[in-house]
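Structure in structure tokens, see below.
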Amino acid sequence: MDKCVPTCDEAVADIPNGATIMMGGFGPPGFPAQLVEALRRRRLRDLVIIQCGGGTEDYALGGLILDGAVRKLISSYPTHPGAWALRDRYLRGEIELEVLPQGTFVERIRAAGAGLGGFYTPTGVGTELAEGKEVRIINGRPYVFELPLSADFAFIKAHRADRWGNLTYRRTMRNFNPIMAMAAKVVIAEVDEIVAVGELSPEEIETPGIFVDRVVATERHPRLLRRT
Amino acid sequence: MDKCVPTCDEAVADIPNGATIMMGGFGPPGFPAQLVEALRRRRLRDLVIIQCGGGTEDYALGGLILDGAVRKLISSYPTHPGAWALRDRYLRGEIELEVLPQGTFVERIRAAGAGLGGFYTPTGVGTELAEGKEVRIINGRPYVFELPLSADFAFIKAHRADRWGNLTYRRTMRNFNPIMAMAAKVVIAEVDEIVAVGELSPEEIETPGIFVDRVVATERHPRLLRRT
Amino acid sequence: MPLTREGIAYRIAQDLPDGSYVNLGVGIPSLVLQFLPEGRDVLVHSENGILGVGPKAAAGQEDPDLVNANGDYVTLLPGASLFDHALSFAIIRGGHLTHAILGALQVSRRGDLSNWKVPGQRVPGVGGAMDLAVGAQRVWVAMTHVTERGEPKIVEACTYPLTAPRCVKRIYTDLAVIRVEGEDLVLEEVAPGVSPQEVQACTGAPLRLTADLREMPVPAEVRGVPLRTP
Amino acid sequence: MPLTREGIAYRIAQDLPDGSYVNLGVGIPSLVLQFLPEGRDVLVHSENGILGVGPKAAAGQEDPDLVNANGDYVTLLPGASLFDHALSFAIIRGGHLTHAILGALQVSRRGDLSNWKVPGQRVPGVGGAMDLAVGAQRVWVAMTHVTERGEPKIVEACTYPLTAPRCVKRIYTDLAVIRVEGEDLVLEEVAPGVSPQEVQACTGAPLRLTADLREMPVPAEVRGVPLRTP
């Protein structure tokens, strides 16, 4: 069993037009930027992207949106100042946008990964984000019904990996990555370093290799050190 | 902020008759045996216990059941040979027993800890364990509706702790502990060792102290080394 | 005279007991930590998976893998822990945070909160606002009492899109501390030199006065400039 | 002649490709791992939070913090990972295990499984059985073809309490390998020296024969004793 792939380009070579792709990351930490840049080089169309933010400037997800590759973005906070590519296309009606409370966004992804059919959350009750959604009173409190959210591919970013796809993270790299790794048909991990099987301690592995299909080691892009 | 308590007896001193108490552990690993033994010394009545197993022989949970302190057990697999105290009382109609599929058991506890109102699981559909429960077809597949499961107290067992209640586990000690730590009003952790704040690395802390109210260090009981 | 933004933050800091776990929104809430009395252990939560956020990283000392929910490169305090987004929002929604201190566009007399979207905002984006408003044990609002155009932010009913209904427990402004009690707003404190009448005059809903009303205990250095009569 | 219990386990092991993630039930399934062909990476999952379970610990070498779901003190293979029960059952229910190899009391012609409770069992206890039956990508049953009293375990419809309906994909017994296809049981292999007629005679539902029927490829040492005609 060897899940290593030599380059990001090879790791994303089989993604078709119209694919649904999750991308981990909250700000630069844990964002699989090199995989996304490789995806841009594929020149695909009609992608559905699931990412917490809206992309930054003309790089990675921002660039993918700028290129016109994205049909729809499912997101939570796509309104940071750097997300001008999304803003421009959205205001021109060229991209569809679904916005979810951040806890609902991640819990829907977890539900898909955990094989659940849906769940009730108190978040969003009585707001415009719950419009059209089923509300149910449970033990006297209203909850909104939410469905699982899955994808064809997940791009995730971790710190270290082995060839079985076991992953560790450092600092705030985890964010959505361990959850998205559970919820896509094909999970591709961009990592800082690949080590031998057995080198990661069983307790420190945060994403077990069972969730991961491909691993590719990359150099950190200098742009990732910039403030978002 | 100092959550340390000198002894198990002090840690359980305020538990009233009729309390609902979760207990972590799957076999000996992660089972808070000394807290349970201290609870036995309280000579309480009408307790509702939430534990995956049914107690072993006349020790800890087995002893608590033998003592007649338990009104109801919510469990998943209480039928191992050592659980004779439960078996005897159950067959005499002296204890109520609710049995859940193990994934449903832990997911109901997580739902409580995560503030969810309930969820749909495919597990149990078409079986006697789903009798009387709501079934809903979601995307063509049937699911059973399950409610959150919370408690007044949770007894958990971890490896190392600091005085803020941050916890780490080794090997298979985790099991239900990090989940139950989220789902009770008062969470009491029995640990092998208490270290200074800052000594546990931020990445290795599995249960953040926010979930934990009391920490007590204990010697490992020799009986815990026995096969269950 | 009304408090500075730092004055509001200072006032809130005094009300956070030892052992608090707080999420701090952007703006005034982010100033709270620096005013915490010595010796109090208060852990700051960040949506992206931190408990125990420390000060911003010094220039050149940024860890590229460590930001807070605001996107700032930060540090970790000793005793900090790190986790994924699912656990982070289980902490929020599950009622584990003792306090969420949030900015607001509007707060209604029954504690409805609007803080995520102005009407006519053309690109929506909510982040963790709704989860925090619904989940934290105590939702406290920190804001200036009126908008830049002098309009009251405390209103009979919110006209901006709701973040969550009936969630705000207490409002800290440059003029007052106000407790939400059912459908009532109880004026607990006024800024030094500000009268209850002046507070009521720039509040869009009736304030209830009680015998416990007192002046906000803030030192001179965080007091602001005299109130312009609205 | 019918296979030994080890023979059934041997036969299953040949069908697990490199990169499999399997949960092994008690009894015959627990014997599978020792027969895995050299060089195949197959990771064993344990409900209590392990991927990469190794052999049982040697006497005196037990780690008091490390057991498998069966309560045995075990070891970890290099590359193993540890996690909590919520993630462990997310793995199961979420369809991430490639195989669950389970014992059975009864399997119906449409793949219904009964393996958690006999009628009249006085204390109920289910453990992870239902989650595994519902969640794994391939549920394979490993069992003797008939009960100790010679009654068929493969039946038209289960009379024992169900674990899950329509979940079993393949049945490995001491006499045969049978594939469940819709409402049909397809006889794929027979044990060496056992005829399809003999298999049908101790099966409680009709078996479909195809041109692909073959003899189970097992070495002599895991073959058993000649079949007693039922």
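Letters are used for the chains, namely A, B, C and D, taken in the order the chains are written, and counting of residues starts over at 1 for each.
Convention: a residue touches a chain if its C-beta (ideal position, glycine included) is under 8 Å from a C-beta of that chain, and two chains touch if they have at least 3 such contacts.
What you see is a predicted model, and the numbers here were worked out from it, not measured in a lab.
Engineer: Given the touch definition stated above, what is the smallest step count connecting chain A to chain B?
Structural biologist: 1
Engineer: Would you kindly tell me how far, in whole Å, the mean C-alpha position of chain C lies from that of chain A?
Structural biologist: The separation of the two C-alpha centroids amounts to 30 Å.
Engineer: Using mean CA coordinates as chain centres, what's the gap between chain A and chain D in Å?
Structural biologist: Distance between chain centres, rounded to whole Å: 36 Å.
Engineer: If you average the CA atoms of chain C and of chain D, how many Å lie between those two points?
Structural biologist: So the centre of chain C lies 57 Å away from the centre of chain D.
Engineer: Where in chain A do residues touch two or more other chains at once?
Structural biologist: 107, 110, 114-116, 121-122, 170-171, 202-203
Engineer: Give me the residue numbers in chain D that touch at least two other chains, ranges are fine.
Structural biologist: 50, 76, 82-83, 86, 89, 92-93, 134-135 - these are the residues of chain D that touch more than one other chain.
Engineer: Kindly provide every pair of chains that touch.
Structural biologist: Here the touching chain pairs work out to A-B, A-C, A-D, B-C, B-D.
Engineer: If we count contacts the way the header does, which residues on chain D are in touch with chain B in the complex?
Structural biologist: 46-50, 62-67, 69, 71, 73, 76, 82-86, 89, 92-93, 122-131, 134-135, 161-165
Engineer: What does chain B use to touch chain C in their complex?
Structural biologist: Chain B residues touching chain C: 1, 110, 112-116, 162, 164, 166, 182, 197-198, 200, 202-203, 205, 208-211.
Engineer: Which part of chain D faces chain A closely enough to touch in the complex?
Structural biologist: Going by the criterion above, the answer is residues 18-19, 21, 41, 43, 45, 50-52, 76, 78-83, 86, 89-97, 134-135.
Engineer: Residue numbers of chain A touching chain C in their complex, please.
Structural biologist: Its residues touching chain C are 26-30, 52, 54, 75-80, 83, 86-87, 90-91, 97, 99-104, 106-107, 110, 121-129, 159, 170-179, 206, 220, 224-225, 227-228.
Engineer: Along chain B, where are the residues that touch chain A in the complex?
Structural biologist: Against chain A, chain B makes touches at 107, 111, 114-122, 136, 138-139, 141, 143, 147, 168-171, 202-204.
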